[in-house]
């Protein structure tokens, strides 16, 4: 009997091990490689620093993966840039937590226990982690990108939420769209633009508000068609919605729909003279299919890398200048948002218009143009802006 | 109302209906043999991914199509094995397999391409759209009915074939006998197990066609979660069709019609949350109407 | 009579659990013979038939067909050897037509398609040939039970059966239909077919069969020429003692109406009107028999009466209350007990113990002052019931499904008869139980009658109705069509005319019911 029990237990254990290994196979490998990479960037530097000025600032970035072609990757590039800029003063560590969000909490605890001075993470999935864990580590600083925190309900003096002015990049996207749709490259002379979002939530409508205002800044007669997929995955539906907008005269569509957004780009690629505007990453670069690539006129960007460089630079100069204990919004003035300027854009709207767009960018930077924020508007007000009323 | 005048609107109806029609037929053939196949969603996910991967790596459309059909069908046969040989509960086994498929497909994509969301890094092939000679020259009708994907035509042809098979062939009789009264079928020497494996095979094949249409026709790549419940809505359309694949065609077109309305209404700035309900609402309303009709028919039948 | 066609020698079936269902059974049947197999429930008739039809594996012994030993792997094998079986539960596909069912699995085809014309033609031909009339084009779900049975017989013959096994074929038929069936079976016999006829009804065996083999406790007692034995002798052989199904009833006073069913209507989920303005009443102290072919509303009326179903309109008056407005529990509290039609589905909880099943309806009586169950009182009550009602069980803790059908039924009767109810609703009280248990239950019913209880009894067994009832009403299409006050003088034939809807009493007479 006992023998049998032993057998059962050992089989069960073996099974559990196999399971856990497959489940976190990727994390096990990245845990080894990622620090090695970061070390490659800063080994000598770190060694020098410790010798020269005592303890360097220990920065740990925890992301799902560093190659998502989107803002996790942008954050990764940011910390690497920081390491390059301040080799003596910082020691950067990158943890790849895999896409399994259940493992993320533990990763943040590990980072805090390992004695990091600043811990960074991205995305709404970390809202709870960045609300609970910092309260247990009051001496460690936490920065959460692309997600605001509730500082009224929680005592979080050591945490900062970093938000981006998506409305500003949306404004530029709208300007690009307005220049394109009247252009001889466009499918029709209609002043109709398309927008396909994942869901009607503030993080997405923020783009829309900017898009509408940017388009009308260029030409007040612009009409905007909007559609929401309802989720982030139904690529086919996004494609159908885009086709419907194209049928209704839209020849450029801004997609803010996550994975489903590929459907928008695909729809654009199938009709001559129709273009798509990408989001979050430079989708001209991320699309491998040449047909899709050529349909991406530009992409709106969140430059986490620039934001990180700015934040760390400020912090090193004067820790008090960084707004811990609040949500801070970074925008165009910090180069934290923007759009892609590349040959494709120039080829599509012409050098003159590219220059116009750049001029608009400067005006936003300087504060000459202010863009409305969706978070400060009611639903009806947003609808009115989109409808041009 | 002006949207009904747009040819693209009607074209979209057929495009949206195609994957649901495949899945409806998949649910139907299993159902007629007495098996509740809930695994369409999973089979579609597996087929859509494996088709994209195989066509991408082989550079050959037909190889991709074949591998997609093979994997999706294999998936369904495993489900059939669980249900018939292991006596697993059909609902639980079906849902478990679907969950496994949704996670497994992402894992497979990641393992092979290092990407988790889409198969953008793979140059996969797509089934072509075809113009139907003569039909394409007819105004209006030609614009709506011609120029669809090959698989769309295949779906509608198969719906008619399935109708004839169930109604007129020996195999169809066997399926119906097994579904309605397995003891009766057994007593005349029909092998119930074998027939049910055959229908599950066909069910898997049909669902897989729906899957490869999604990633190699409807759109031309694979995205995690892209089946988005189309395999489940087929359970409703199948219920509405009551085992008749021509009605299944109608139910799928109804879903397509609802989807198309939802898509075009959004362009007219209707509330997106309300609009999203339309295709599902349409199915439910018609399902209720059909049930009432069947009931009424039965009553008349009895009073004769 | 022709030469021997089928012979079994020392046929034994032992189930994996060790249950011996058949032990060294010997019998033989000749060509052109109708051979009866009789025996109590659990005597092993079904097991024997299943082995002959290839559904059950033979443990030991031999089967000879035309002198050659054969082994069947499955029923298809048996069919191929010319043995067909009509099971009690019809093996038909409801949504296929009669012709399609007949040819199922061996359809004529033209190319890819089933040849509908040829199949219909075949059906009509074989139907004509054996004078078993069926409508080839009708859907099976729309035809009568009688026609379904004919179709089943045709199915076996279409597949080349020379030996046809019929498992209690008359259980679901009206007397006229039974008569018709017998006529056709006698025709088949003339054509050289061998029929193995399984039945409980000894007078049918006596009328129809040439020889009979008696089974008892899994063994064959012997084969007899029907003409050589009387019905009494047969039942003696089956049970091991004399059984008479005629009883001396006490003279009792029949009182006033105690329960009135008033204009009940009910439409089932398929839209069929199951009860059509049904009205009748029960007098105190009487046994009211309800006759009718199954499916004419008896079941629904009893279910509504006991609260298991809700009617669409109408009322049932009892002790100044309308029972249709009450829940099952409330109805029981007002004094109505119920022996349901299906002892395994509604009558008992098969997985639970004999104790739990017997005490279930009386738990309110056995609570102590803390409102907790008093186990001792329950045990006393159950032991007493088991003894009084002769429930054969190895103990109160045995699962009730381990008991034989007759004993389960006795346990249910025990539960319901000890409720001290004024009205007892009996739905098929002895269906499928052996003669011994039947006689016992009958005696208990008469005992309750002597105690001035009123009873409503639905039964498919006309002999039972005649033996026990004070009055019989006949249901047809959800209505009472006949009232028989003088039960002793009525005949099966008269009841049959009512049951088939061919005869109807005057409105005035029905009003009295």
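Order as written gives the chain letters A, B and C; numbering starts at 1 within each chain.
Here is the rule we use: contacts are C-beta pairs under 8 Å (C-beta built on N, C-alpha and C of every residue); 3 or more make two chains touch, one makes a residue touch a chain.
Quantities reported herein were computed from a predicted structural model and do not represent experimental measurements.
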Topology of the chain contact graph, where touching chains are joined (line, ring, star, complete, other): line
Chain at maximum distance from subunit C, centres defined as averaged CA atoms: A
Computed distance of Cα centres, subunit B from subunit A, in Å: 36
Subunit A and subunit C, separation of their C-alpha mean positions in angstrom: 74
Subunit B and subunit C: spacing of chain centres that average the CA atoms, whole Å: 46
Per-residue overlap in subunit B, given as positions that touch at least 2 other chains: none
Two or more partner chains touched - positions in subunit C: none
In the complex with subunit A, residue positions of subunit B that touch it: 6, 8-9, 12, 15-16, 19, 110, 114, 116-118, 120-123, 214, 218-221, 223-226, 228, 259-260, 263-264, 266-267, 269, 272-273, 276
Parts of subunit B lying in touch with subunit C, wherever the complex brings them together: 164, 168-170, 172-174, 176-177, 180-181, 183-190, 295-296, 298-299, 301-302
Of all residues in subunit A, those that touch subunit B in their complex: 26, 65, 67-68, 99, 200, 225-228, 230-237, 239-241, 243-245, 247-248, 258-260, 262-263, 266, 286-289, 292, 383, 386-387
Residues of subunit C touching subunit B in the complex: 74-76, 79, 85, 87, 89-96, 100-101, 104-107, 109, 112-114, 142, 155, 159, 270-273
